[in-house]
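Chain IDs A, B, C, D and E follow the sequence of writing; residue 1 opens each chain.
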Amino acid sequence: MKQKTEQKKSLNQGGKNMTEEKSIDFFEYFIGPQHPGITGNFGVILNAVGDEIIKAQANPGYLHRAFEKLMEQRMYLQNVPLVCRICVPEPDVNEALYSMAIETLTGIEVPERAKYIRTIVLEMARLAAYLFYFGGTAATLGLYTLPNWSFGDRDYILDLFEELTGARIYHIYMQPGGVRRDLPKDFTKKLYSLLQTLKKRIKEYDGIFFDAALFKKRTKGVGVINKDMAIEYSVTGPNLRASGIAYDIRKDTPYLAYPDINFNVITENEGDFYSRVMVRRREFEEDIKILEQLIDKLPSGEVWNRYPMPLNWKVEKGDVYVKVESTKGEYGYYVVSDGSEKPRRIHVRGPSMTHGIMLLEKLLKGQRIADISPIMFSLDICPPDIDR
Amino acid sequence: MNINILYAALAPIVAILLGLLYIGIGRKIIARLQRRYGPPFYQQYIDTIKLLAKKTVSSHGVFFSLGPIMGLAGSMVTLLFIPFGSAAPLLSFHGDIILVMYLVVIAPLGMALGVGEGSNPNGSIGMARGLTLMLAYEVPFVLALFSVVLYTHTTSIAQIVQSQAGEWSLLKFHGFNWLTFALPISAIVADICLQGMLGEKPFDQVIAPHEIASGPMVEYGGKYLGMMVINHALHIYIETALFVDIFLGGGPVWFFIPATFSVFILSLIINGVLPRFRIGQALKFYWGVPLILAVIGIIYTMVVIK
Amino acid sequence: MSDFITRLKNITGLNIHKEKLYQASLKVDKEKIRKTLLDLKKEGFLQFTTLTCIDWIEEKTFQLVYHLWHREEKLHLKVKIDIDRDAPIVETVSDIYIVAQTYEREVKEMFGVDFKGNKRLIPFILEDWNEIPPMRRDFNTREYVKDMYETEDRTEEIFKPRWKKYD
Amino acid sequence: MNFTIGHLILVIVGAGIITAIVTKFNRLSGSITALLLSIGIAFVCFYPAFHILPISFTTGDYTFIFNLSTLSRFFLMLFSGMFPLVIMATVSTKPKAHYYFFFYLILASVIGTISSQDLLSFFFFFELMTLFSYLLVIYKKRAIKAGLVYILMGIIGGLSLLLGIFYVFWLSKDFRISVEILKGSYATLFLLSLPFLIKMAAMPVHIWAPDTYKESEDVYTAFLSGVLSKLGIYGLIFFWFTWGIYGLSAWGKVFDVPVTGYIIAWIGAITAFIGAVYALLSEDVKKLLAYSSISQLGYILVGFGIMSSLGWAGALYHTLTHTIFKTMLFIVVAGIIFRLNTTKLSEMGGLIKKMPVSFLTLLVGIIALAGVPPTMGFASKYLIYSALFEKKLFLLTAVVFAASTAAFLYAYRLIHNIFLGPLKTSLKNTKEAPLPFLIPSLILSLFLVMFGFFPGVPLEWINNILMSLGMKSIASTFTTISTSLGGFNGLLSSSIFISIFGIIFILYLILFPKAKWVNDKNTFTAGEVMHNTDLLTYSSHFYRFLEREFGLLIKLSVKKLYDNILGIFEWMFDVARKLLYHGNVNGYVWAIILVTLTFVISFLIGGLR
Amino acid sequence: MSILNKFRGKSLWMLHYCTGCGAIEMPPVMTSRYDMERFGIIPMATPRQADILLITGYLAVKTLKRVIRTYEQMHSPKWVVGFGACTVNGGMYWDSYATIKKLELYLPVDLYIAGCMPRPEAIMDAFIELRKGISSGKYEGWKKYIENYDWYKKNQAKLFDVKKWSVNYE
């Protein structure tokens, strides 16, 4: 008995000593929210010794707008302009997913042409997002020429979006039942010529960045996610494919027009920073091919099956989970309807939720300070879809 | 003598104006490389004046304020020992290349003190990186200078400039006395080291905004930052002038200014197309190929002399 | 896929409903959730997709939905449990699926559901939040907004911002 | 007034005894007595009207000679000048009686060493010095383990010296060194150089230094590192000069440098570089200074090894510089440790607001250490580089330059981690170091700056030494140093720097508004609030990236090598113990027979004479 | 001091802080297509160096704390630009519990750009407007902030602990 109390005492003292220790070896280092090296408005609190990180703690929530709460308060149609604002760099997947979820619940048929147009929009958005990604990643490594080029090229895509939907970023183009309006005249032609330009441009990017020896030196073997780790952390999307697992929702469980399209699932084997960038770079070319096929195969017909009574539109009771492959990973919506005119619950499953918190913390541990923001950018974390 | 004193008073001003102009034009050129229009060439002057016109200053301590001053003073002293081409030797007879190598260090060390008192880890990491970078490039650079000393039998910069003196006129161009042609390998090594001295990519680890939020400048703003910008301009002038004096024979003003400018622009264009090294990689890089090249350069020089 | 579901039924003894879009759902007791997920992970449900909480305020229950994905068999499985709304406590699954930790943090913060055994239920998105968890149906966001954000606006007299209007 | 060296030594010993007795009664008055007596001794050594006469006495065949050569006088001034300053720093630590006693005895034996002109008395005093020094090193209990290594290395050095002396005797049948006999004897050269390389902590035999410097009493470390280590360079010059530089050249030359000197220079360069690397990686302030000391002594070895007049001038100049700044740095650091009770760098930080005077003196010290112009550190670096440039030793230059740039790194680290950065919350009530620490460091920093303006002044003395050693003197005036390759003007460059600094400072005061003083919390932390400013301190593992790059160097450290050798020896002894001490009587008998037989046979063959 | 104002207007260094979704239109403005550097506007890493603070969209209260701290760390003269409908009146998130509705209650906004989100052309135009205003000395929000410090602090205090997050209370 006496022994036990003594043991307890000593333990307590030990704890006290630990907390009251005079020397703190590490220092605390904040990356974000106000830091050039952060993707969006996000925070990572780091404990570091020298320039080596011993503990990382992601601190999201700066972009919290309570979308899921707001959507419960609005009618199904009112939610359409809201959903696209969830993920800023890639808003179209949200529209597509929301429409797909409502369509699945209500059973509205989508015209074939609308499916193709949606796919075109999604793929264009993917190209734009990848261009954004290339620029961002290069900028974290200190190469500011590539962002200047690639953001400029991204603007061509945004111009096409503007022609198609009237807006650059938030398109509000896809509606349950189809898309808002048909393609403008000569749109496919313009798109085709843009694709040819991009094909040339990606070669230029190769020269300055992707094939550069310094880029390889800087990125190979940094932030490795091996196969087991990728599965353990439920990694999805290009980050998973960079670890050597050929899994693409577009191929695996095809949606929209993807069943008719031929394309390869791109994989790399290393799972490091370099492979993550290269997977996206190679997918960029693959996407151009997909878009070309889509333009070729585009059917004619109606684009919008209008739904009945927009203001009193009751969706059948039920729940459905829909998902698409976004540039960041698996993007999913879980819509629960209780039969009223407002959704009971819409849960948004952003890909960054898995990549941006646990995986990031795990990857940053033991890294150098110089590699923090490159790793963060290479995972393509989109803070708005964590916070929502 | 009077002219010399006048020049001594004017030299810093001229150097500052030139340095800022170089940066300004450099920004324009970089913008064109990046398919942009770019700021006007006098933008850097506007920025500097604006910084000096900021109304509030916040300081973390006495040495926080003295750091930039010490940096500026260090750079200005160095300036006086560097010949303005072959035109005015100024104080260069009173000190030689070894003195200049050490005078150049005063500015960063002064700045380091201020940055240290800023009590911000970003600044400290930046300084640690800066000093490491110095460790990296000094060694090959000194070896490159060594071959120059071997070749010219003097450590005095003025005499090195004189040894390359040819006939300078618009019609007759004798660039063949340049040490660049006599010692090509050492000149290449020195130019590689210049990239690190100027802190251009791939060696801009010191300020790396995405990593350590502009490093040493992290706590400096307003007027202090204005002083640091001026110091940077001086620094650019000093480093390029040193290179031109030693390897391109100094030359009269009409040659000297374009030469320093083109040396700067060369490193700026390299800066435009490269990402940055990790600091450890920078050390490895400099102690790899450039060091070997420098040794080869010295052996070559020894062969040439014999 | 149907074969796989029947096999699953046989192995785990669970009642699985097949739905459209490669989905199936099954409902288990709150106490069995850990065991079920362990079994399912053994069966090859390696990806933990997400965790959702639905506030059925009328029935005084929270429904937790664990979304799992089987890559080879292409099956999205929704494991649902009901928990009491007044004493929302459930055992964590963050040691089975590591990423579940994040989702549990979020559910804890937004609904106030406690996860026994999760080591890191520290504030996630909200900071210094003193009200009832905001995603619960009885939290009225519009009233909250009225209380918090509407104040006497003296900007007219103090300092009126200028406008640049584009629509 | 005339007196002999013997008198001087006796007076110093007497002073030690008096101090010890006074200290026994009252610590403070003891300290003051020690201080006053030490100032008196320094006065005696410095005052030109006092002539210190040579002395010699003969016992049997052997004559003990004590004489002060020009070289010895330089070192005498160095030692006796530093002595009162170091003693002054001890006042506030209130040491015990035997501390002062040993301190005086060390000074006595040091003076004995540098004045003895024959081998046996040199050995005698040198060993005495090591012994007393050991006794002072273990003054603090924590240093016993480190002291063991110190005395072990001291004994190895002493044995080597003794062996060397016997070898000399064996060769010349006399204890006088003469060039003709010794020419070509590498073994003597090695044996007679090793003790001094150990004293200077040159690279393979440096292992005693870091731990000893770290653990020994803080003020004594200043004397140990700043002053006593200079005995090494004295010994080297003393013995090697006896060989004659031109005699050494007879063994061949590399790059116009005698082979032996070239080897020494390389040892020095490697010591300088690796010492600097270890210094910038160490986490303890005294260890940092210890490695810095090792590194700086490396430069002296480089200058010495070049064997030209510029090289030796550089070595002697750096001897002076290093003595001044390293003594000062250790005294300042001792003051800080006195207040903080810690030597860990990570437990310091932000002390500039609490200890401004210490900060300023340390600043001057590290500027001199880095060799940046307004201090005399530059002149010594300049001479060494000129010597290297003159002899075209480019690889050596590269290594030495790398070392001296690495010196910037650890110098900055030293000042940054102690004084800069946010103030640690645990140090909020720290006061300035007591005056006894400040006064000597202020005096020494004054010297550093003054000689920075007038670099030619010490060079005058050094020129005298060089001429007495038969070398060319260096062209210099009070303010300038010039070599065949170039030169510099100390007064001009320093005063221009000061005046430009002054002009800008005045402009700053006139033109700039008063700065708003902000506290440590109000820094850029990416928008977050830092609640514990201790967490802002970036101090431990300051050069982590270099740790990574120099990983191989750390892995292959010499200490580990010694440990491995020790391991092998342990294993061998273990085997031997198992073979010999097995308790079997028969075995012993056989062993004795075997050994006796060996002796008999070898005697018969004639191997033993 | 009007001549200095001219210089101030022509060199606006903005703080690198993406506070909301309007930040997605900043990269095009910064880079080759619109290139705001030709107006002397470049992003700066820390608040100490910056002149203008762009509030690019909605602010969650969690962000507002950091924004205010950052704003107070900037050296005056300094200006605040509010982007998009969310900063004017909450915009799309008018009933969200997490975001603030009127930015001008908490910070002295010099210029609002309406739209959701403002197009790059609008941003450029606003910068030119700001430039004109600064050159003529019209925009003096930073002075108002000092003059009405208590009122701003009162509004901020309703949302969070001001003493903890403000640099002046230490």
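Please note the rule applied: a contact is a pair of C-beta atoms (placed from the backbone, for glycine too) under 8 Å apart; a residue touches a chain by one contact, two chains touch by 3 or more.
Note that the structure is predicted; figures quoted are calculated from it, not measured.
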item	value
Contact-graph separation of subunit B and subunit C, given in steps at minimum	2
Pieces of the assembly after leaving out subunit D, positions unchanged	one piece
Where subunit A and subunit C overlap in contact partners, by chain label	E
Centre-most chain [mean C-alpha coordinates]	B
Far-end chain from subunit C, centres as C-alpha averages	D
Comparison of B-D and C-E by number of C-beta pairs in contact, larger one	B-D
Farthest-lying chain, centroid of Cα atoms versus that of subunit A	D
Centre distance in Å when subunit A and subunit E are each reduced to the mean of their C-alpha atoms	28
Gap in Å, rounded to a whole number, between the CA centres of subunit E and subunit B	36
Centre distance in Å when subunit A and subunit D are each reduced to the mean of their C-alpha atoms	61
Of all residues in subunit A, the ones touching two or more other chains	27, 33-36, 51, 61, 64, 66, 69-70, 73, 148-149, 152, 368, 387
Subunit B, residues touching no fewer than two other chains	34-36, 55-58, 121, 125, 209, 213-214, 218-219, 278-279
Per-residue overlap in subunit E, given as positions that touch at least 2 other chains	16-17, 31-32, 45-48, 62, 66, 70, 95-98, 119
Chain-chain contacts as defined at top	A-B, A-C, A-D, A-E, B-D, B-E, C-E, D-E
Complex contacts: residues of subunit A adjacent to subunit E	33-36, 40-41, 61-66, 69-70, 73, 81-82, 85, 88-89, 132, 135, 147-149, 151-152, 154-155, 158, 168-170, 384, 387
Of subunit E, residues touching subunit D in the complex	17, 46-48, 66-67, 69-70, 73, 164-165, 167, 170
Complex contacts: residues of subunit A adjacent to subunit C	60-61, 64, 66, 68-70, 72-73, 104, 231-234, 236, 247, 252-253, 319-323, 330, 332, 334, 336, 344-345, 347, 349, 353-354, 357-359, 386-387
Contact footprint of subunit E on subunit D as seen in their complex	518-519, 521-522, 524, 527-529
Residues on subunit C engaged by subunit E in the complex (per definition of touch)	126-128, 134, 139, 141-142, 144-145, 148-151, 153-155, 158-159, 161-167
